[in-house]
Structure formats: structure tokens, C-alpha cells
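Sending over a structure as C-alpha cells; questions will come in a sec.
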Amino acid sequence: MAMLKMVEYAEAAPEARAVFDDIMAVRKTDWVNNFWKALAAHPPTMRRLWENVKQVMAPGALDPLVKEMLYVAVSVTNGCEYCIHSHVAAARAKGMTDAQYAELLAVVGLANETNRLAEGYRMPVDPQFVPRHG
Amino acid sequence: MAMLKMVEYAEAAPEARAVFDDIMAVRKTDWVNNFWKALAAHPPTMRRLWENVKQVMAPGALDPLVKEMLYVAVSVTNGCEYCIHSHVAAARAKGMTDAQYAELLAVVGLANETNRLAEGYRMPVDPQFVPRHG
Amino acid sequence: MAMLKMVEYAEAAPEARAVFDDIMAVRKTDWVNNFWKALAAHPPTMRRLWENVKQVMAPGALDPLVKEMLYVAVSVTNGCEYCIHSHVAAARAKGMTDAQYAELLAVVGLANETNRLAEGYRMPVDPQFVPRHG
Amino acid sequence: MAMLKMVEYAEAAPEARAVFDDIMAVRKTDWVNNFWKALAAHPPTMRRLWENVKQVMAPGALDPLVKEMLYVAVSVTNGCEYCIHSHVAAARAKGMTDAQYAELLAVVGLANETNRLAEGYRMPVDPQFVPRHG
Amino acid sequence: MAMLKMVEYAEAAPEARAVFDDIMAVRKTDWVNNFWKALAAHPPTMRRLWENVKQVMAPGALDPLVKEMLYVAVSVTNGCEYCIHSHVAAARAKGMTDAQYAELLAVVGLANETNRLAEGYRMPVDPQFVPRHG
Amino acid sequence: MAMLKMVEYAEAAPEARAVFDDIMAVRKTDWVNNFWKALAAHPPTMRRLWENVKQVMAPGALDPLVKEMLYVAVSVTNGCEYCIHSHVAAARAKGMTDAQYAELLAVVGLANETNRLAEGYRMPVDPQFVPRHG
């Protein structure tokens, strides 16, 4: 059960309804997932997050599928069930195959392993890795 | 100061030296970074990890730059200083630009934010997101 | 299913029963939540934790509602389902409104985002932020 | 060393300079901390984050000091050094005392402890804690 | 529902079936748990992980029960439900008692608490704790 | 620089000094590490934590070296620099060898990897792993 009452389109405040409309227009769908129905309980947060998602996930220097896969990598590392499901679905809709997902998880798993080896061995950063600017 | 004495090539046991040689051959470099010098204190772990890295990071269904960026996304989420430096350097060597890194961090940041909104609002997984097999 | 058998009041060892009694007396309730029934499987841990909770959550330099909200912020960051539910309920019992919870989650989400930007950009701590003592 | 070159006011692009100006105006200060100089390497991210911070941290249903303390609680849980320093400084500027900080840390520590007890004992959520809506 | 279709023995590819056979032979059992059925969707990952598990969890300088308890400590800290269940079962099969599990959780909880106190108080590492080599 | 002024024995309040004395008596040493000097800024927290440490880390169903290694496993997973150093030193003082530490880190690393595979593949808990009581 969601913590705050989830808000359906029909009962949404005008500010939230405008965000619902924009989500469906941008995604070219006729439904909105629970993440937004939950945020609709607090329209300023709903609007703010949606503006963030639109800006951050838009095509840019990275393509949208790579961005979705990065999103999944974070969500798996944090163990967030809802986020894993929603962003795997988004990545699949953008073309991610089973084999790509298996490789993504292999990288995420290995990175989580070697992160802890680095912490436990307390390895000093190699001078070759220090960024040089200017 | 590393937790266990870091092992240089000249003083390495034969099993560790063989891994050093393979790392330099695969990477076409004449040096090896501190991660491996630290693991060389325990050659079976060093060999095991290197075999894992070679298999997981090889080109496959995902290209090597995408894999490095996934590695960075995990390392940033975990706050692992050594790993951020070493895998950002590896991603740059594979062509990652400043603009791509800025977008990667924007996605990682946003994912960490929305992961917690999903946890705090306790949103149920939409039936549309549940995988269907068979 | 709980990992160890949860212990009900009627079957509790005297040391655990004394803690049950104190919990109900302090809270002025006639029931005890599952956290304590699970810990009752190991009475020294149950007693130790209850003494900690009483000391840490008592009114002091911070008021009890602020303390509950800090507890929730940690639990959401860690993604602990049981803890989110139990401490949101406790915060509501102390007066937390829906609007306050939405703002709390907005802060927790944003903090998790900017934490990763700070990690990924490797920003040096400003000298103005270094504490000065003595 | 920061990952991307930190941008000082004098060399900032107009979009970044406008954000610097707004930060100093809102805070009534004549300097800006490294977080923003680092983000200034990517002005759209800098602007987006600043708009988020202004909205989320503004006085609302929670007072600004409580919001800063929630920010600190998350940053301590994540072990983010930069964030702990910058948000403790911000909380102190809003009046947080040494005693309040010690109590904040006591709550954060205890919450991190009991979160893991809840995970390890696999306690079921009490029906009394399930939110009821409508 | 698992993300990728879980693979049963009868339908497994030869490479995956060989791993199933080895798992049952090493464990002297006639069934294999879901972790491996899920990984069987990507046989190279399944084989790689099984080789890792065999090497890392074999008796060595640490005895196998201690290794399982360390595995549980990590899984509880990360809040991984599947992993807590599977490794607690493995530890019980190697002799872990209820009292030992309760003490393990007490240590894991306390460590998670004092880790955050150390982060929040920003304690400098004592010179006595710095490793000295050579 | 520590967040709150660290308190030396000579300047400690009587309540804190009594804890310093007990720490040195229990450990049979003539010095106290920075963790306690930092906590001495808030004597009730210092006393509370020391009572917890004494109870949790005492010999019981698990031997003290195993407890220290569990403490290290958590600290490495969380990436807490101070805690890794202090508890590795404590484990070494109780007899932990270099080979044991290397194996401990191998388990911690592997557990962090497989935890994420379990999260990403969303494996259902096997019925064989569900605890049965009563």
C-alpha cells in the first residue's frame, strides 16, 4: 500500500493533471505508471521531478538507451524493486535485449565486487588516474 | 597506506607475475595500476579477478565504452574513490568526453533521487512492468 | 516469515517479558510491534536495543518528531521496508502531516542525488566548511 | 582534484554566471562553494540543480533547519565527505548546536543499526503500520 | 517474477547443464536453487559465478562457516532478501545456531551504527592503525 | 578535522573520563583511539556506545575474532575508512593473518557481486530457504 494516497487522473488537481497530460504526450501513451500517481499527492514535487526527468533523459551526448541502462545499474546497486522494474521496462522499450541485460548485470555485479576490494585493500589512487586540467 | 603490502612486478611470485604480464599484453601498456599490485598479495584472488574482468568487460552485446560507463555509475553510487578514478580514466581512454561524463553523472544523480522516492512512497509495481515469459 | 521464531508476550522469558512491559508502559499502549517480538528471541539484544531507543529518542536538544523524521530519512535511504513503515507510523503519531512527509521525501531524494554528484565530480571540501575548534 | 575543471565566476559562461549571481543573491554572500564551481562545467546541470535546491529547501511544511538536518542524516548514511561538511556548515549557519548535532548522529547511527536488525530478522510489517486511505 | 526466464535442468543448454551437474555433485544434493536457474539464462555468467563461488567459499585460511557468516553480514547490510535467505540456510546447514545468528546480527547492527558515527564525527585515523610494511 | 572538538583524557568531563578508564582497563592498554575521543564530546553517547560494544563484542556463541571479522565485512561494504582501519587493527590483534584478511575480502567482494545479481534478476526465494518454526 502506497504511503500517501495515489492520485488517479480523474481526481487530480489541475497542476497534477497538466503533468499527467504532458507525460502521456511525451511518451505517446494513454496511461501513466504508479510513480507519477504517487507523486501526484504533492503536485510541486510531481512537476519538479517530471521536468528533471525530461531534461536528464533527453537525447544528448549519450543516447537514451545508454541512459536507461545507467539508470538500471544504479537501481540494481541500490536494490530498489520498483525502479528496477520500471527502468528495465523502459530500456526494453528502447531495444535492450536479454543478452544486453545479462551483460549489464554482469558489469554491475563485478563493479560492486571490485569496489569493495578497493575499499578493503585501501589502494592509493595511481598518479596516472588523477585528472589534469588547464 | 594499503592494507597489505603492495607487490611490484620485480618481487612478484610467478603466479602473480604471469597475471601482470597478461594485463600488460591485453592492455598494450607497460605499467599496471595499484589495484593489481594490491591484489598480488594474494595471487589466487588476483588471477580470479583478472579472469573475471577479461570476461565481463570484453566486447559483447554491449560495447566496451558502455560497460565502462556502467562501471562508473556503480562506483559513483557506492562512493568508491579509487574505482571512480580508475574507471573514469578507462572510460576516457575509450573516448568518453566531458559532456558525456556530465550527462552520466546527471543520470546517476537522478536515479539515486527517484530510487528513494520510490522507497519512501512505497509504490506498487505496475502490472505493465512485470516480465512475462513463455 | 521471520528468521527466528517471533516470541509473543505469553510465551516470553521473564527478561523479555519485562521489556515488553516497559515498552507498553512507556508508550502507553497495550500491544508491541513485531520488531520487539523478533528481538525477543534473544533477550539480551532486546533489552540492549530498547535501552538504546529510550535514550536516543527521548526529548533532548532535538524534539521527538524531528528525531522520528531523521529516522525515516535514514530508513528511506537504506530502503528498509519494515523501518519505513514503523517510523512513518511513529512520526504520524507525533503529528507529521502528509505535506511534511512529502517535503521530507523531497529532501531525502535530493540529498541522495547531490551526494552522488559530489562523489562523481570529486569536489574538494571548501576551507570555509572545515570546522575550527579551540 | 576535481574530475572536470572547476569553473570560477570570472571565466564562467553567461548561463553559469547567472546561476552564480542568483546563488549569491539568495544566500546574501559574496562567494560560492565548490559544488557549484564543479557543476558550472555543465551549465544545464548547474541550473537544474540550483532550481531544485531552491524549491526543495525553501521554508514550507518543514522549517529550513529541519530540512538541513535531514540532508545531513542522508549524507552521513551515505558517507559522503563533501556533503557532510557542506550541509553541517549550512545547518550550523541556521542555528544547529553541538548538542543537536550529537543527537542527530545518535539517531542516524541507531537507525542504521535497527534497519539491519529488521533486514536480518525479516520482520513482517505489522498491520497497524499499513497506511489506510480513502 | 524473475527478470529473465528461469531455466530448468531439462531445458538447459549443455553448458548450463554441466554447471547444474557440478553444483549438485559438489553439494551432494539433487536440486539447485533459483539463483542458478536465473543465471542459466546466460550460461557464461552462470559458469563464471560458479567457478568464483567454488574458489572463494572453499575451506582455506578461514573455515566455511565463518565464510558463510561473512556472506550473511554483507547481505544483511545491503538488505538483499534473496541473499539473506539463501546464505542463512547455507550457514545453518554448516551448523550455525539461533544464538550464533542473533549474535551475528548484533555485530552487523552495531557496525552499521558506529560506521555512521565515524562518518559524521569525521574522526581521523589513529597513527597506531596505519599498516606498516617492509 | 573532526566535526566536534575531540576530547583528551586530561580535559574530559568526569562521566567521559570514567569511560576512558574503563576502555583502558578492559583493553589493558594505556591509550584510547580517536573514535572515543570524538564521542567524548557527548558523554551520554560515549557511555552508551561503550556499553553496547562491551556487550556485543564479548565472547559468546561466536568467538571474538569472528566478531571482529564480521565488523570488518560490514565496514568494507559501507566503505568506512576509519572503521576499516580500526577493526582490521583489532582483528589483527586477535590473530587475523594476511591470508585470512585476503579471504575475508574475497568473500565480501563476491557477496556484494551476487547480492546485485539477485536484485537484478529478481529471483524468488526458494521454498526450501523459508524458515519453519514451531
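First chain written, first letter: the chains are A, B, C, D, E and F, and each begins at residue 1.
The rule is short, and it goes like this: contacts are C-beta pairs under 8 Å (C-beta built on N, C-alpha and C of every residue); 3 or more make two chains touch, one makes a residue touch a chain.
Computed from a predicted structure; not experimentally measured.
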{"item": "Contacts common to chain D and chain F (chain labels)", "value": "A, B, C, E"}
{"item": "Path length in the contact graph (chain A to chain D, fewest steps)", "value": "1"}
{"item": "Most remote chain, CA-based centroid, reference being chain D", "value": "E"}
{"item": "Rounded Å distance between chain B and chain D, as computed from the means of their C-alpha atoms", "value": "27"}
{"item": "Centre-of-Cα separation between chain F and chain C, whole angstrom", "value": "20"}
{"item": "Junction residues of chain E - those touching two or more other chains", "value": "1-4, 41, 48, 52, 56, 77-81, 84-85, 88, 99, 101-106, 108, 110, 112-115, 117, 119-122, 130-131"}
{"item": "For the chain E and chain D complex, residues of the former touching the latter", "value": "72, 76-77, 79, 81, 84-85, 101, 104-105, 108-110, 112-117, 119-122"}
{"item": "Chain D-touching residues of chain F, taken from the complex the two chains share", "value": "3-4, 41-42, 45, 48, 78-80"}
{"item": "Sites on chain F touched by chain B in the complex", "value": "79, 84, 88, 98-99, 101-103, 105-106"}
{"item": "Residue ranges of chain C touching chain F (in the complex, touch as defined)", "value": "1-5, 44, 48, 52, 55-56, 130-134"}
{"item": "Chain C residues touching chain D - in the complex, by the definition given at the top", "value": "1-4, 6, 31, 33-35, 37-39, 41, 45, 49, 52-53, 56-57, 60-62, 66-67, 69-71, 73-75, 77-78, 80-83, 85-89, 97, 99-100, 102-104, 106-108, 110-115, 117-126, 128-131"}
